[in-house]
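Read from first to last, the chains carry the letters A, B and C; within each, the first residue is number 1.
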Amino acid sequence: MKHKLVRKTVREFVEAELGPIAHDIDRDARFPWEVVEKMKPLNFFGLQVPKRYGGVELDSISYAITIEEISRVSAAMGLCVTVHNSVGAYPIVIFGTEEQKRRFLPALAGGEKIGAFCLTEANAGSDAGGVETNAVKDGSDYVINGTKIFVTNGGVCGSALIFAVTDPENPRKSASVFMVQNDTPGFSVGEIEDLCGMRANQVSSLFLEDCRVPEQNLLGRRGEGLKIGLAALNTGRIGIAAQALGIAQAAFEASVKYAKERQQFKRPISSFQTIQNYLADMATEIDAARLLLYKACAYKDSGKDFGPEAAKAKLYGSCLASRVTGIAVQIHGGYGYSKEYDVERYFRDAKVTEIYEGTSEVQRMVIARSVLSQPT
Amino acid sequence: MLKLIVCIKQVPMVSELPWDSRTGTLKREVAEGMMNPACKHAVEAALYLKQKHGAHITAIAMGPPMAEEVLYEALSLGADRGILLTDKRMAGADTLVTSLILAEAIKKECTDFDLVLCGSETSDSETAQVGPQLAEELNVPGAAYVEHLEIENRIVRIKRLADDFLETMEMTLPGLVTITTGHFHPRYASMGGLEEAFNTADITILDADGLGLDPDLTGLKSSPTKILDVYSPVANKKNTVITGAVKKIVDNIFDTYGDKIGGTIGKDLKTHEHDDD
Amino acid sequence: MVDSGKDIWVFGDYRNYFRNRVTLQLLSKATELASTTGGRVCAVVFGSDVDEYVNEYIAHGARTVYVIDHASLKSYKVDTYVDLMHRLAFEHNPDTILIGATCFGKEFAPRVAKRLSTGLTSDCIDLEINSDGLLVQTAPSFGGNLLAKIITPKHRPQMATVRPGVFKELPHDYEVTGEIRRVPLPRDLPPDRVRLISSTHEPRRTQKIEHAKIVVCGGRGMGSKNKFKKLFELAEIIDGEVGATRPVVYSNWAPQDSLVGQAGRQIKPQVLFSFGISGAIQHTAALEDAKFIIAVNKNPEAAMMKLADVAVVADANQVCAALIKELKKRIRS
């Protein structure tokens, strides 16, 4: 009953507030601050932060449902919310000291500051070890220099988790995470990326030029960067799997509606077996993706190691989103290719779910490693 | 601290609902439910009073077990307690019986209440009767279609529009009001509210026995009104379907219905010059 | 003397008379019903200086009028009127009481029914007597998508509130006379628990659309704000008003007060054009009084199409544009 009510509540909100503008904010690549204002009191930015720091701490399935429902209407905003929650705020919850939690979490949980997770660089995509941004100890501060690219929420973030190496000779062993606020001198935002999809999300580069932060802003210990990164990404993958599911669901619903309405050869196209097969496959695979996702959620909430499950959910869900949205456009025919209909936006939005927070290739690495490490 | 009661109802989300001719009742369990829109506004009005004066809000719903969902919704919006009145034997209760049952629950569980708030009508049965009848059963003054209300010194001041008369009225508590969908725009439930609602869930479930009511007096049998038949007017409607090329459609409309449309606006729509398109 | 136990009473709701004619409509229907049941048609009037209405009701079908005329009854007050009706009904035992489903009626009737421990059907759109001599009350639910036929087999009086406009009033009969029974105001009447502080008549609150004879409604199916604008053009040519569904108003394609639905305006046009509307009950509930509906939608299965008298399966924008073009030609000539 709880999950049903979560879904209904979120759906009601996003359909009313995001629904009417979803198409336009994508076209104009505009971040809807006015909707963010309304999301704040509903705790959308504190879904995985403990109550005492101003958050809510939803169970993972409720969280996944929330992200799915937002993404079903606007994948770009679903992305904003999940990245903020899973990889922007959550790492602080897990690895932060009490003082850090008290200092950073309330503003994040209340949506006063939007969070960002900055790992990717020009030479560090799937190979996280290629990070070159460095943090040099200077007295009781660290001075950070480097450039982060493709930062989700980059253009709107108030608080960023920056991955930097403290010992450039040993990047893997010395990767560390620093919490940097956007008003820190030396911190600046680059141009907003002109992307194929997720356009309302302000993805950008972040420049750190002699950015000075106190050592109290080091998250966890020096050298724990990779560990924090992996933990963050595991949780993040649940969010992305949910996002992909939301996109697929939206494309599926649009396809069913269109197939019933569109008449060719004097009958609705839903009466043709080819279309019926498409819809049947979509329905089945979406269910499968949903169950995979909820399995990963169950594993996480019961304290089990959920990395491989999250990877499977993300891998399957994102590939499914691409597949389903492609078929959805096909079902819509010429109209599907036009911006008058929403399906082309779902199609454009879907692709990147196979790329970020670990490409499908990386997910397969994670899963294979897990498979091969099982005792036979 | 005010003691407020909000009566809410779960109504089906669909516009057509299967009718069980065997039992003479609607098959509510088949459809997804939602809180009746006017009830949502009643909850919002109660929350308005809570924020202004401090209040304890009890939400009461009567229905099948799945109606518990709207109580959780009310809790997540800010109600403090929920009461579900559910009993198979209550099925088919008309408004007279429903108001009796609700009143019994209020007398039992919420003595010394200050104000009862109800939605003006439901989107399914649309009778708008339960509110006034409940007021009658509780023997308190009532006012329907309330748009604004304020409470001061145990007097509630009401503004409402009824039959083109804008009326300002006062009544001494305890009383009952029904709220329309025109004002008290409902807020969204927050995720924190939802989490809180399911964690602390103060929901009491009562059946006819729990209320101390004779089950035979709570359902279809003891309802003065009986439904003979339910049918869909659209099935009987003479519905003409027009398809084809737009130009032909429009010509068809004017040829067949031009008189009707034209007559309404006092213009002749049927004659026109044939020009070369 | 005819047994009062068969009488059909009609509550005299005279506020907003001359526009509000529901009492006359009910007297007419009561006369029709009484011809089968054999009872008397009586009107019940409370108020101050109400002889004008008493005579009007006699001229429109009431054979008897119960009147309680007192200065303290000048304004309609639920509590007091419920008390008076209760006492009268208790004393005289009518078989049936019909009340117009005005806002007052809908607040008044349930409380009377409760006092008399009887059933009440709300907002009826038809009444008839069946072979068992029972009043069959037809009432809508689910925004008019379902109609129910209801009876009150055992409890008396049978009570119903009736939607204004469904029955036709009898022509004014200048010759007929009727019995006027003046009832004194009971001495032990409790004071009204709801104190009326002020009451102002505000007819301009209702929008033009609520009185419009032609309404052009548009939904999300129109596609965009620019396309929706065409509906305003159509409405202008055809002397109609524009209505909109909730998603349209939320997207700002049309102003808030054009919202037609449970949370907006109730309309009762002679002709309703419905463009690109799927037909959610929140909207269709406000269309129950529309006399003739032409719906245009790509989807023949949409609920709005089933509700319409004429369902045009086509692109709403194209049909709207074509109608405008054609109307310009025809109205000019």
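Annotations
Heads up, the rule we're going with is that a residue touches a chain if its C-beta (ideal position, glycine included) is under 8 Å from a C-beta of that chain, and two chains touch if they have at least 3 such contacts.
The model shown is predicted, which means the values in this text are computed figures rather than measured ones.
Set against the Cα centre of chain C, the chain with the most distant centre is A. Across the two interfaces under comparison, A-C and A-B, the one joined by more C-beta contacts turns out to be A-B.
Chain centres here are Cα means. That of chain B falls 19 Å from that of chain C. Note on chain placement: the centre of chain A and the centre of chain C lie 53 Å apart, centres being C-alpha means.
Note on chain placement: the centre of chain A and the centre of chain B lie 39 Å apart, centres being C-alpha means.
Residue positions of chain C touching 2 or more other chains, listed in rising order: 300, 313.
Within the complex, the chain C residues that touch chain B are 15-16, 20, 78-79, 82, 102-104, 106-111, 113-115, 117-123, 136, 139-155, 193-203, 205-206, 213-214, 238-240, 262-263, 270-271, 279-282, 284-285, 292, 294, 300, 303, 305-315, 318-319, 322-323, 326-327, 329-331, 333.
Residues of chain B touching chain A in their complex: 34, 68-69, 72-73, 76, 188-192, 194-195, 198. Of all residues in chain A, only 16, 19-21, 257, 260-263, 340 touch chain C in the complex they form. Against chain A, in their complex, chain C makes its touches with residues 223, 247, 250-252, 298-301, 313.
Residues 15-17, 19, 37, 94-96, 99, 123-133, 135-137, 140-145, 157, 161-172, 175, 181-182, 223-234, 237-244, 246-247, 249-251, 253-254, 257, 260-261, 264-265, 267-273, 275 of chain B are the ones that touch chain C when the two sit in their complex.
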